[in-house]
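Chain IDs A, B, C and D follow the sequence of writing; residue 1 opens each chain.
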Amino acid sequence: MNYQSILEEIYEEIQPEMSKGKVADYIPALASVEKEQFAMSVTLADGVQYSVGEASKRFSIQSISKVFTFSLALKIYSKELYKRVGVEPSGNPFNSLVQLEYENGIPRNPFINAGALVVTDALVSHYGDEYTTLEAILSFVRRLTGEPGICFDAGVARSEMDHGDRNLALAHLMKSFGNYENSVKATVKTYFKQCAIEMSTEELSRAFLYLAFGGKDPISGEEFVSSSKAKRINAVMLTCGHYDASGEFAFHVGLPGKSGVGGGIAAVVPGEMSIAVWSPGLNRYGNSHAGTIALELFTDKTGRSIF
Amino acid sequence: MNYQSILEEIYEEIQPEMSKGKVADYIPALASVEKEQFAMSVTLADGVQYSVGEASKRFSIQSISKVFTFSLALKIYSKELYKRVGVEPSGNPFNSLVQLEYENGIPRNPFINAGALVVTDALVSHYGDEYTTLEAILSFVRRLTGEPGICFDAGVARSEMDHGDRNLALAHLMKSFGNYENSVKATVKTYFKQCAIEMSTEELSRAFLYLAFGGKDPISGEEFVSSSKAKRINAVMLTCGHYDASGEFAFHVGLPGKSGVGGGIAAVVPGEMSIAVWSPGLNRYGNSHAGTIALELFTDKTGRSIF
Amino acid sequence: MNYQSILEEIYEEIQPEMSKGKVADYIPALASVEKEQFAMSVTLADGVQYSVGEASKRFSIQSISKVFTFSLALKIYSKELYKRVGVEPSGNPFNSLVQLEYENGIPRNPFINAGALVVTDALVSHYGDEYTTLEAILSFVRRLTGEPGICFDAGVARSEMDHGDRNLALAHLMKSFGNYENSVKATVKTYFKQCAIEMSTEELSRAFLYLAFGGKDPISGEEFVSSSKAKRINAVMLTCGHYDASGEFAFHVGLPGKSGVGGGIAAVVPGEMSIAVWSPGLNRYGNSHAGTIALELFTDKTGRSIF
Amino acid sequence: MNYQSILEEIYEEIQPEMSKGKVADYIPALASVEKEQFAMSVTLADGVQYSVGEASKRFSIQSISKVFTFSLALKIYSKELYKRVGVEPSGNPFNSLVQLEYENGIPRNPFINAGALVVTDALVSHYGDEYTTLEAILSFVRRLTGEPGICFDAGVARSEMDHGDRNLALAHLMKSFGNYENSVKATVKTYFKQCAIEMSTEELSRAFLYLAFGGKDPISGEEFVSSSKAKRINAVMLTCGHYDASGEFAFHVGLPGKSGVGGGIAAVVPGEMSIAVWSPGLNRYGNSHAGTIALELFTDKTGRSIF
């Protein structure tokens, strides 16, 4: 299949969509991003990569980082992790406190904010402090991509912290239920730093290859998580990866994936490839508008749905 | 792959699980079913079938019927149907009124009770009356299986109606929001009749073959729904098919499927086969305890997860 | 104190308010009532009555009828009644199903719709059938007022039933929890008939006198409920009598009272008098706009708050 | 009326109740209080005081302090305060986040924790810093009682802060909605200090006299709040003063009052007297078990209900 020409077709068809949607505006650092940008990259098992648009330009991966921290924590804690965070869709917005209160401080899944905070808190407990934790997260992403220069944007992280009251509320609520182990302020700061990691679609599609191939990088042969854990991360991405539009995404795109408010989405075709797309305009669920359409076009054109 | 011996292995391993769980007891007709029963059938593209246990014994398919009515309604109404029912996981028990009230009478998906009632109501609007609707549902299932003798158990349907207050409440609530078109009593009765359809695992796995093969029966060549609709039905089964344990099912089994409180579960491996399993003891989410484990064993042994 | 001149002052001050608010429009029979009408009556211990406006014109008392049925049921069942309905404010709209579901079918108080339905259901259980129940309710109101001609408007009741899905949903939901004893349809019809009772402010203020005087009519000497029950009915009116604006009413008016969507409000000054007011325009909480202001003016001018 | 002998009767009747209930145990400093203690004091307009039990022993007033801060803030901000906090009963536990989220960070009333935090935050905005605010609160209580020695227990306040995650969550959530002006940490600390104020029932019943007499101390003649504000504070105490048992309290006791988890309750008979009671064993709603019963006995014996 000629992936390059498929990507180019998509790039053309997506043009009228790039001006739609709304750039994330809850922090100045994200609000200033120019909306009409697009990039898409596909990485195959042998490392061959196809791209269109600004595929080497880095952007804020935001919630996509939750896949990396969940992978790390699952490797460390295995089943123990599920005592602190579930794997069910939430049926509520990503940052809701309601369900968390009814369900005694146990977040529904690792991809809503509360769940991701618990995962970061668990990493801090393991690594001993937030500095070492952040290093471990960055090191994980750097090994996945072979790009030692990947880092977070300190300005974005600081700006998030300045507007971080809802996440602080989630963390304190979990702490009041006994499901939080470390300093709320320090872990929330770490969480904002992990969200502020910047990657390009080339790097992101490269990074997700391990999830398309049973947890093992098909190029280097390095196993990042076990095969059964990789399958389960994919299952959670499919059912919970796109906030309150996860069902829509499964329905229209049909691939396990994870989106971020920076406009990025990463997805995998199990056994075949990983895909990353970026366009900053968001739909009303907080997922990239043009990015979601691009992925739907991709699965339509290639017939690559898991269903 | 030797499916027969895999099924036999599963049958043996599942023995200690058959006594666990709890038979549905909200109506006498279901409560009287003997718990320690098990059956499992696999149907391949060419119609070859493998089975263990009481695979020709019919049981009450209950909520599995929602897949058939959703298929029928999607064929008739296409995208129009989504104005009346969504495709998102609910994050709430299958019969909750809370979300329905907050979301103005539009059920989250066609597999929670409210959603299935709306689907049946839409069928009644199309077919003109509840008698013709029930005939159409039965005829659909008979054509899928080639078994003209498939019918519903009138005693079970009556017993459901005697204990049907919560479903009546759901239907009246939707009617108060303008999302219900026909007589509440008559449509709820029709819904209970569709739930009381009885099928064996042999018949059920045969019936689901169309969803494993893009909506078209691979044996007869008859198209029951279009390819894109089949994919979407599978997506909704994966994200919403098992009530408030859909995430767990995706996580552990990794196949699109639908369960019923009669103890049945039907699932598909896209492009390969359909599977039905039955064991009446239910876990705390209302899904067959031994059935869920049997399917997890099946995907472990065959490597047939969609992830 | 010259009550007549106080009422006349209020009548004048209230003129600009009569055009505000919105007549109840969920049923045609109520929607057709002319908005710019007003009446107010005060009845003292000796039966002397002061009125302004259309004080002898009957209107639909709607939810004010809940005070009469609660009185009757409390007399019959005493503390047993509290197993089926609470005395706490609900913090939710009058017809919400959410709290009812979380709290297992036990309504918060007898003045939200679910609670009033349970009370009517309890009366039907006591009187044997809905016809006798309705007679008992009408007879109670006729004895309270000495007006044998008080009746309900059959057209309003029928119109309510035609739009009664939410109340049917509430009743079925309670029945699913085992907190409903009789036919849903028949009791809901009875409930709509009791709501369609028509009284004037003269009659209504006369009827409420027993609650201002410890359950005993100060003129006839007849005891309708015991002194302690009368106090408790007043307490429930104060905390729960005005839907989700009960706190506001206690805050601004400071008297136990009950409103109805027909635009009526009845209130008592314990040990002194009873007051009824009517004006069909409703505020956003479903309480009479001009009526609420008139009562606030009355307590301001007379200093007659319970606080 | 011989109040002293009524109090002594109550003291005797209450003996078997003193061992019931459960001392607040969420912080060590409160958990260590001996349960079987009781005190009750009544203060009349002329300052004459009647007491039984350990009426001069100080205890932690906890949420009763919310009445003092609400009074202060209402005096300062008048109607402006209602933009930030409502006057409706919540229908939810005192520290619930659910309603706060649905209602965009505006707490239902000043007596649930979220509402009290907003009130303290408003005081800090007015007084400029938390130190001056705390001084103002203490000074207010000292002037009300004429007891310059009233202070807070620093150990209790610190212990609350150590377990203060839920209150921190509430404050951060309100801040995320823009309804919080000062440092969360500093204001929550101030709030815990105000809750840790220690008073005896003699002092507490003396302090509440202004609310029984239209905001003006009947002995000194000093006006602490205006007459209309005093009425409204009483109205809010009646509808919202006892968490999720406010309806029960209005129903059984029939007086405006406010309870605290330290086991104290203060109440007023408008125009006549103020009452304080203390017994550390709490009922399931977090209100003093023996204290509530003692107040019910008091209104039964004296006929002093507002209804």
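Quick note on the criterion: a residue touches a chain if its C-beta (ideal position, glycine included) is under 8 Å from a C-beta of that chain, and two chains touch if they have at least 3 such contacts.
Quantities reported herein were computed from a predicted structural model and do not represent experimental measurements.
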| item | value |
| --- | --- |
| Least step count from chain B to chain D, where 1 means the two chains touch | 2 |
| Comparison of B-C and C-D (more C-beta pairs in contact) | C-D |
| Farthest chain (mean CA position) relative to chain D | B |
| Interchain centroid distance [CA atoms averaged], chain B/chain C, Å | 47 |
| Interchain centroid distance [CA atoms averaged], chain C/chain D, Å | 32 |
| Residues of chain B whose C-beta touches two or more other chains | none |
| Chain-to-chain touches, reported pairwise for every pair that qualifies | A-B, A-D, B-C, C-D |
| In the complex, chain C residues that touch chain B | 96-98, 101-102, 163, 165-166, 168-173, 175-176, 180, 184 |
| Parts of chain B lying in touch with chain A, wherever the complex brings them together | 86-92, 99, 108-109, 230-232, 234-236, 238-240, 244-248, 250-251, 254, 256, 270, 305-307 |
